[in-house]
Amino acid sequence: MKTNENPYIPYNATVEDTWFETGGERAIKTFKVVFDDEEVRKNWSHRPGQCAMIGVLGIGESMISISCSPTEGDFLRFSVMRMGKVTQALHQLETGDKMTVRGPYGNSFPLEEWEGKQILTIGGGIGQAPMRPIVEYVKANYDNYAGLTMIYGARTSGDLCFKNEFEDMAKDKELSCHLTIDIEEEQWDHNVGFVPQVLLDLNPSPENTIAITCGPPIMIRFVLENLKKLGFEDDQIYTTLENRMKCGIGKCGRCNAGGMYVCKDGPVFDYATLKAIPEAFA
Amino acid sequence: MDLEKLRETAAEVAAREDVKYLIGWKKGTYGYRVAPGFIEDADGAAELIFSPLCTANLATYLTLVEKLPLPRGEEPDDRKTALMVKGCDSRAVAQLLVEKGIDRENVVVIGCPCPGMVDPELLAEKYPETEEPAEVKWTDDGFIVIRDGEETSVSRDELLAEKCRLCRYPNPVISDIMLGEPVETWEPAEDEGVNEVENKDVDEREAYWEEQFSNCVRCYSCRNVCPLCYCQDCILDRLNPTWVNRSVNFSENTAFNIARAFHLAGRCIECGECERVCPANIPLGKLNRKLAREVRDKYGFEPGLDPEAEPFQASYKPDDPEDFIL
Amino acid sequence: MSAMLLNKEKWPDFVGRLTGKKLWAPQAGGDGMRFAPVAEGEVPALDYGNTRVPPKQAVFPQTETLFRFQVDGEKVEEPKLEEEAVLLGVRPCDARAMVIVDKLFSWDEDDPYYLKRRELVTLVGLACTEPGLNCFCTSVGGGPASTEGLDLVMIDLGENYLLEAITEKGQALLAETEDLLEEAKDDVAEQKEKIINESEQKIKRSVNTEDIPGGLPGLWEDPLWQRVSASCLGCGTCTFLCPTCHCFDIQDETEGFDSRRCRSWDSCMFAEYTLHTSGHNPRPSRRERTRNRINHKYNYYVDKFDVIACVGCGRCINLCPVNIDIVDILKQVEEAL
Amino acid sequence: MSANNYEPNIVAFLCNWCSYAGADLAGTSRVQYPSNVQVIRVMCTGRVNPLYVMNALQQGADGVLVSGCHPGDCHYMEGNYYARRRLGMLKDLMEFIGVDPRRFHMSWVSASEGHKWKEVVEKTVEDAREAGPFEGFRRRRIDW
């Protein structure tokens, strides 16, 4: 298309591969996307935690987390839940179809700052999407981190995303992976129970650890409560916010939580900052 | 009307255990302005007024209440809402009852017989608004405008609002408490505004409305102020499917205005609020009154009179006119 | 050549000189005064209070096409913005508003559409000699003869307009019309000051805004928000008519094979504005939305750009259907501090 | 397009049980009628939201026709009675805002009335042709 002189004009990209993570009315579909333009592909760089505006021309755009780490290769991954007009249109895309991408937007997880520390990710449902790039990034740089723990839960085993990766994860000796579902199921040999409870049972030491959480608001609330119980300090806890967005560049006005624009000052916030924003948990 | 009596009654109602608050009119922040007042206790009732400036139809607040999810363990507040109504406003309440938009048990209707309101724009044009509070009062045959300590008598015809000239029901059609004696009804004037447009030919009408609708800024105040526009999920907000595009141009503005007017066909109680609040001064009332006139003349139906009636668009008569059918 | 006099009789000639540029001026319409493009050969009169809709639409149109495209994405066409425009008779508050909004549109990432239009526009201001009933510009850092944002300011001296160039664009305009102007005499400065002083005296409404930006965060849960928003209808009048409100919505519109992505003004007072697809709304009621509107203008904007995003034009007060009065709200905020 | 070779674009909403079958009958009986009609089948005229008519005009129709069962014959007992009320109101409103009344018609055509269908279509097309291309509030390509 063209280079990014005009921030409102998206890049064209092609769906290289796509598959369903979950089924049902609110299905989640993952897209592996490659830019059409060689130059864009070369110049594009994103960091774990950032988002991009993806869309279908003629329908519209939505802000979606980039669910892959730049360490994985020259492509982007998005996991999209079928909710509204744009996501419905995205779900109709198949391999080889075109979509548009602009971004990357927002700040990112300060992964360099966290070097030498234990990383603990706590995800729920589609909230695992922004956690996945952290996991992948740390996996690619195990030497720089003291360890990696992942807690991930969903309502049922069918609602878990990225299932095809669990097997490899289980083999990974350096990754401690804890999966959970809300209600007991047959042939499920992982945890059963809500994510905050699993966290409490796991009882990770707060020492030299960074905890990152994302998921439904109610889960985040109890996870934060339990992290405090475990002795985590405010600056050891990170989360990502989301709000309705249109422009992605801090102009259209709607994504503010208090005085912060989620698209520019977020989506990644540490708990200390978040506590000062009155609207953050609204 | 006796203001003392009004305040006394309002204080009694507002103090009732089963009443959440009372909605009435109070003096605004400057000039002629009158603002809706939400009175929660007997003391607050002293603020209330009823004057020819109380044009606002407060029935809109009955359906404007936001039902938010309650914090765990909290009971919903299902106490009643008390509401002061003029004749036209009471028809909105009746129509809401017809549509089951509200529960009769949940409202206390305080009826105020209405001798007719002044037109705020006409008033401000003739007697410019001041920063200091100003007032208008009824006299036997007109109004007194009180501003800057000066009193001016004005004849009724000079300032009477258009909707009041056309009014058929100045006395509340339903009420639990009636304040004062019913006023004598007057012969409704001929609706010149609608006639004028009707008498144009098709092309002139198109040009007329094109000019009007092009001014629309789509602030949706006409929709929001309307006591009978209370859909939780308005078709105009819908994106999937998109009925009316968000872009503001003549085509979409017309679509919006057709949809709004049509959704009020056989429901509009002609309180004139849409026209009053429009920042672009679009004569929206003409659209509604035109439809109301057709409904009255062709189908013999008037909305908002009988709470037990069938809604116009959800009923039919086998002998409805069908002269337009090929 | 900074202060010049233009005889009012020569006003039509002055307007006639501004050919080749799109002219905007306040004009009477069905909806009261509004800024609209001037038809060829027409001479706008300048004796008006203020327009209902602010002139922001000249630089930030209510609906603006971002680009046109074919649905396959192969052909994307951007608008070519190159027509120069002159806005005549802009009130100082509205010009100041543009300066305030500039800060946002050039913050971090530039907004090419807005900034391009700003670059192409020349603002010819008219100082207020008869401020409106609800003007309170002096309370928020402006004034009836503020020149901030203007390229050229005109002051009504009775028989003449006093023209003062503020920027190079204004200078150029004066140079183009030099033969119509007279050099101002020395006593003009005195006359001007007197007029401005008188005008300032006529502004009746005021509020002390000094402590408001710092105080608002502490009033987050104050009952005052419930009180002032109880009667709000949730319409967009206050925001659409506000010269500093700049929020927008982006939508794709397809008509046959013709598609475009466009942005239209949006209002923080609409429920739909922040509504998530899931049905969750972070600002679920009019109380939060009113609070956000005031906070955005008097708190968030001050934090980010060090200026109050309200110019005291009084439009939202004049036209609010239910008498929600921002001066009154600010006074209540003051009291609650 | 010159006035001579202007062919109006008609959108017709036909009820599944009567008018659609009637149009079908016209076809199978080789009744010739103008080809300007784009038929949209709905289950009942009562299902025709008046906004469909508005939307059709917005999107480039020059005329709209709604056709259903005769009163009393509705497959759903009373759908066409509701439609008659609503669309009658709509016709009044459209006329009032300056849409030529010749652009919108409603008719009752039963499954056996292939010939009536032809007449209705001819009348609708003729009227729309007389009224000329609809410019009114049709969506237009915006010049930036």
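Just a few scattered comments:
For reference, chains read A, B, C and D in written order, and residue numbers begin at 1 within each chain.
Heads up, the rule we're going with is that a residue touches a chain if its C-beta (ideal position, glycine included) is under 8 Å from a C-beta of that chain, and two chains touch if they have at least 3 such contacts.
Because the structure is a prediction, the values reported are computed rather than measured.
Across the two candidate interfaces, C-D and A-C, the one carrying more C-beta contacts is A-C.
Compared with chain C, the chain whose C-alpha mean position is the greatest distance off is D.
Computed from the mean C-alpha positions, the centre of chain A lies at a distance of 49 Å from the centre of chain B. If you average the Cα atoms of chain A and of chain C, the two centres end up 40 Å apart. Chain B and chain D have centres, each the mean of its CA atoms, that are 36 Å apart.
For chain B, the set of residues touching two or more other chains reads 239, 242, 245, 247, 249. For chain D, residues touching at least two other chains, in rising order: 139, 142. The set of chain C residues touching two or more other chains comprises 63, 249, 251, 284. If you check each pair of chains against the touch rule, the ones that pass are A-B, A-C, B-C, B-D, C-D. Across the complex, chain C meets chain A through its residues 66-67, 69, 71-73, 76, 78, 104-105, 107-113, 217, 220, 246-252, 254, 259, 261, 263, 266, 268, 273-278, 280, 282-284, 288, 292, 295-296, 299-300, 303-304. Chain C meets chain D in the complex at residues 63, 65, 79-81, 255-256, 258, 260. Interface residues of chain B, counted against chain C in their complex, comprise 28-31, 33-36, 38, 56, 60-61, 64, 66, 68, 129-131, 211-212, 215, 217-221, 223-225, 237, 239, 242, 245-249, 273, 276-277, 279-282.
By the touch criterion stated above, chain A contacts chain C in their complex at residues 1-2, 5-9, 12, 57-61, 83-84, 87, 98, 100, 217, 242-244, 246-247, 249-254, 256-259, 264, 278-279, 282.
Touching chain D in their complex are the following residues of chain B: 197-198, 202-210, 213, 235, 243, 245, 247, 249-252, 254-255, 257-259, 261-262, 265-266, 287, 290-291, 294-295, 298-299, 312-314, 316, 318, 320-322, 324-326.
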